[in-house]
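Got a structure here, written out as structure tokens. Questions coming.
The letters A, B, C and D name the chains in turn, as written, and every chain counts its residues from 1.
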Amino acid sequence: MSNTFGTLFRITTWGESHGKSIGVIVDGCPAGLEIKEGYVQEELDKRAPGQSEVMSPRKEADKVEILSGIFEGKTTGMPISMIMHNKDADSSKYEKIKHLLRPGHADFTYQAKYMHRDYRGGGRSSARETASRVAAGAIAKKLLEKYGIEIIAYVTEIAGVKAGKIDYAEISKNEVRCPDKDAAKKMKRAILEAKNEGDSVGGICEIAAFNVPAGLGKPVYSKLEADLGSAILGINAVKGVEFGGGFGLARLKGSAANDEFAVKSGRIITRTNRHGGILGGISTGMPIIMRAVVKPASSILKKQKTVNYKTMKQETISVEGRHDPATIVRFPPIAEAMTAIVIADHMMMAGKINPDTLLG
Amino acid sequence: MSNTFGTLFRITTWGESHGKSIGVIVDGCPAGLEIKEGYVQEELDKRAPGQSEVMSPRKEADKVEILSGIFEGKTTGMPISMIMHNKDADSSKYEKIKHLLRPGHADFTYQAKYMHRDYRGGGRSSARETASRVAAGAIAKKLLEKYGIEIIAYVTEIAGVKAGKIDYAEISKNEVRCPDKDAAKKMKRAILEAKNEGDSVGGICEIAAFNVPAGLGKPVYSKLEADLGSAILGINAVKGVEFGGGFGLARLKGSAANDEFAVKSGRIITRTNRHGGILGGISTGMPIIMRAVVKPASSILKKQKTVNYKTMKQETISVEGRHDPATIVRFPPIAEAMTAIVIADHMMMAGKINPDTLLG
Amino acid sequence: MSNTFGTLFRITTWGESHGKSIGVIVDGCPAGLEIKEGYVQEELDKRAPGQSEVMSPRKEADKVEILSGIFEGKTTGMPISMIMHNKDADSSKYEKIKHLLRPGHADFTYQAKYMHRDYRGGGRSSARETASRVAAGAIAKKLLEKYGIEIIAYVTEIAGVKAGKIDYAEISKNEVRCPDKDAAKKMKRAILEAKNEGDSVGGICEIAAFNVPAGLGKPVYSKLEADLGSAILGINAVKGVEFGGGFGLARLKGSAANDEFAVKSGRIITRTNRHGGILGGISTGMPIIMRAVVKPASSILKKQKTVNYKTMKQETISVEGRHDPATIVRFPPIAEAMTAIVIADHMMMAGKINPDTLLG
Amino acid sequence: MSNTFGTLFRITTWGESHGKSIGVIVDGCPAGLEIKEGYVQEELDKRAPGQSEVMSPRKEADKVEILSGIFEGKTTGMPISMIMHNKDADSSKYEKIKHLLRPGHADFTYQAKYMHRDYRGGGRSSARETASRVAAGAIAKKLLEKYGIEIIAYVTEIAGVKAGKIDYAEISKNEVRCPDKDAAKKMKRAILEAKNEGDSVGGICEIAAFNVPAGLGKPVYSKLEADLGSAILGINAVKGVEFGGGFGLARLKGSAANDEFAVKSGRIITRTNRHGGILGGISTGMPIIMRAVVKPASSILKKQKTVNYKTMKQETISVEGRHDPATIVRFPPIAEAMTAIVIADHMMMAGKINPDTLLG
């Protein structure tokens, strides 16, 4: 519902881009989970790989402070409140375009729905909000780690350049989080070209979850695809999501699309994974494979036509400021966070993680 | 949650493929909506376009009975219970394969999760369950009709054959619900070929919702894409969903992907609709455009390798029976139903339909 | 929400007093629970102790039919749909008072809220709806039985006559479900006196739950008192609920109200139980003790002043028909059912019952 | 669910008594509600009437800071995050009793459930958490004010002393928030006597809501009594709640308990209000009247027997510190806040407040 997500493991986020601060409440994390001093910060830092040509030159410290729910280094089962203070942002450049609807942005829809909005930096619709999700996801990932579950997201396509292979070791080594070194170079080049033109690019991110046990998902309306899909489609700029063979399955025959079952080490597996780790809405134990498309960043320097909603006149806008030319490169950590939150929630709903305590 | 879907307009479905009956409770429909005797039946009938070569030769009468919530021809605001009796189905053919995991089916995951399941005809995981959704969707569509909102779903791709144009008038004229007459013929041919080979085909369905007012959707976790996506991904066999430009947006630049705003008849519109009617998770008033991929039907006559989960031995399976070679052709009405339910729910959540009564 | 109750163990009820049928969906019961043919019926029968002078002379067969969710004698984890057909009821007597607001009834509020209602027999607001709850409660009770949890409700006060002692063996032996034989006789006399005067009486019911483990309840908004209280206050005619010492605690000092802790058989207990088995919103392992007040039946033969909402004129009403002079004597099974549902739900939410399956 | 309460108007609270801070997120308040600088603070201040002999001598500044959701003096429809910093509290006295289970407290149940807890000052189970509810309630009250709805709570009984009359003007004039001046004096005396004995007293609070329109409440599981009851029973130390005639209705006959309908100024009313403003779970438009019993404060200086859960030995405890001898006198603002939240939520669910915006 609105700003709360999840059933047993729940997050509630708040805060606007240019407000005082942003934050998140994680509710339903069982007691007894060790959260080391600085762990969430490290996760956030890891996610903000510093200055890079392919990112906005903005520097956000994103110092997170944990205000509740952890006592003597362990969770208590109580809500975990985390806050990140916004630095004094310069809102002046938003002042002059406050009545201009930025194409591709939520200016129009927020105005239509609420009739009063914090227009500075996009307010609540800003991607800045996703930092709260990453902080919450850090708790979920730490919880899943105890059960051997690992989630990893990476960029497989940018501006038409596709990754040709998946080498997990490569992901953190390049600025575009691509698992294919050569493709990464081409992707970077495409981003810089767009940037020089005052334009932006889109891309595709793949998310994989390993060691998820068979049995997660609640048919028929909390199927794992439905809940993961909802989580991913709720992230800014995502316009599609697919699982396993995804849209490509439209072109396969049943005999080619079905994954045959086999036995391996006394466990039932499938030989192939076109089902993306989910059958009938329930996890099979095979890796969960999901892909999301992230549209090109809406904020571009290039001139676009738009409307001033006060005057109802046509105007031209050039969105100035230090924007990301490729939001897709910032996307993987957010996708990992939301995926971890869904899986933690379903682990509890399936009775595989005790919702009260990990102790005793 | 599980078998209940929605917030203010909610449905709860129940029933297994070969059980006594299936049904649905629609809760939260406002009082005063006129539901003519036989209306829901007509909707269900319309959806089961009778015998066709591209469908299973099975005949299901699907006579729906409304048991509550309607009085003197109008809804009362109370739960609307609808039931459809299953005809005596022959379960004998399922008896002999009850320990064989049908590839692509939910046999394995239901067994892993629940350890006891009604294996006959797939039980609850059967597509038969979706008849309940269509019945519930009929109520939602009737409600939306009062507000001028119309939802239409059609097949745009089967087995690699794509619709080249969208002619709404064509949809109901062909057996594959395709808006392109010529493509429809090729699609039919592809289906029959696969059928002859004991195989099946997949496809893509596009769903359009017209006259949806600007302002539906609750950021940041009940964005319209998230809730529609969850609804569509919760339908059997769907492995992906996309909005507007969808996955194609990965290959566009921001300047090409952004839809410019304009004023038309005193109303703000966008000139193009690559955003699919939703920006920032909120409807813009432009048509909502969504596409879903439906994998090829899992039940095929062709021999496939699988596992007997009792003996844990490898075996070969050939799924006999009268199966659909192309579940995609049965998909549009279900997609329309779930879309109508989500939009009705959001109309109420946005204060655009009174949740208690349409009267006075 | 409205007609659905519960989080992991959920019920959805539907149906009006004089409609075709009423029923309930139980969703979230784990797979593997044995439900013998006829068990739910026996529970319903037990609850309808046949003809008695203190009850309405109406005879309702309440034959329940289970339509889904049980296969080969065991639950499958799928929704359990149960239906009870209404016998052809005579609605003619409601026809003539359909515009008169029966004092104490929901006629006025349903009319004000929905502006269209099934006035026959109170429609959905009829106590008849509670039969669905009893059917659902039978499933919850069977589930809790496996964990040694027992719930029992009994009448401790009617028309000012109070039970002086609690002898569980007596409860089923008298027509008023009172655990005190002598008080039971006086209660019966008081009911018959009121009945002769064309009047009705109210009373108090105590509900006890034994062997509930320590640790149920989710502070701070799903405290066990809050969820039990919501369940009990949602039953027709209940106007108050209290736990342990209840309203009497207002007159005790802390030193008298606090229950001291002690150790018994290696387990921490309290010596007394003025806290009613719940501290800080979480069960202590001591018996849960709750009391509810049931107002006197609103339908009485005695003349009362009221309003005709069509004419807006004052009129006099005498509610004819075969009414219960003391709905309190029909209340305990409903209270047991709702209590069982809440405790089953919290057992799952606390990880003490696996929400998917009892097997393996 | 746990730390989130409400459906359309929702609050999520967090924070422990001796942690860094406490706070609340209000989600779902429509845009356009004017919240003046300092308004919430004034509400909190009003609630903390300074030093008084009947209260704990502790001084808590409770300076609230609004971090999001309000822009240029008006709500934006986005989550409103409010924070109150805890002063450096002395936790040393809790250190020495950290393994002793304080009778009447949640020490035992939190330990049993979570196995790890912040024992300082009761952690999350402390009444300090309720300051967050009062802050959230201030927003709800301001919203309801626009619709003429007013909520007022007052003490009607302390230590056996009952208010003999209700004079609203008196409530804020005495230290015990009693609407009867003479009773207030006796109540104060009773509190001081108990305090001198190292003991505490309990009491009863009545909550009245005026100008609530007819039609709020969602049968059959979100009846207004069920939701209000859940809200009130979720407040610390409450062990019972009743509506209108409440438990007294057990001793009335139907003819005396039913409230007759009449017409006044063209509106249907009841002549009396034993139904407490709610019939069939839906508001009638008459004042909503509710009472809650607050048990005597558990923390007392008097020696009590208890158990050390580490050693499992019997010990004696005397809870030192500056405790409230009568938590009941601090209760009314919390009850008002929770009542306002429930009513605001139901106003939206009944379509009487637009959930998105108050503007345009």
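As a convention for this text, a contact is a pair of C-beta atoms (placed from the backbone, for glycine too) under 8 Å apart; a residue touches a chain by one contact, two chains touch by 3 or more.
Fair warning: this is a prediction, and the values are worked out from it, not measured in the lab.
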item: Per Cα centroids, the chain farthest from chain A; value: C
item: Contact-richer chain pair (by C-beta pairs counted) among C-D and A-C; value: C-D
item: Length of the line joining the C-alpha centres of chain A and chain C, rounded to whole Å; value: 45
item: Intercentroid distance (Cα basis), chain C paired with chain B, Å; value: 38
item: Between chain C and chain D, centroid-to-centroid distance (C-alpha), Å; value: 27
item: Sequence positions of chain C contacting 2 or more other chains; value: 1-4, 7, 13, 113, 124, 215, 350, 356
item: Chain C-touching residues of chain D, taken from the complex the two chains share; value: 1-5, 7, 13, 101, 103-106, 108-110, 112-113, 124-125, 129, 157-160, 194, 197, 199-204, 214-215, 217-223, 225-227, 229-231, 233-234, 236, 238-247, 249-255, 257-263, 266, 268, 270-271, 275-276, 278-285, 293-300, 302, 304-307, 309, 312-314, 350
item: Residue ranges of chain D touching chain B (in the complex, touch as defined); value: 7-8, 215, 348-351, 354-356
item: Complex contacts: residues of chain B adjacent to chain C; value: 1-4, 7, 10, 12-16, 19-23, 25, 27-28, 30-32, 65, 67-69, 71-72, 74-81, 83, 113-118, 123-124, 356-357, 359-360
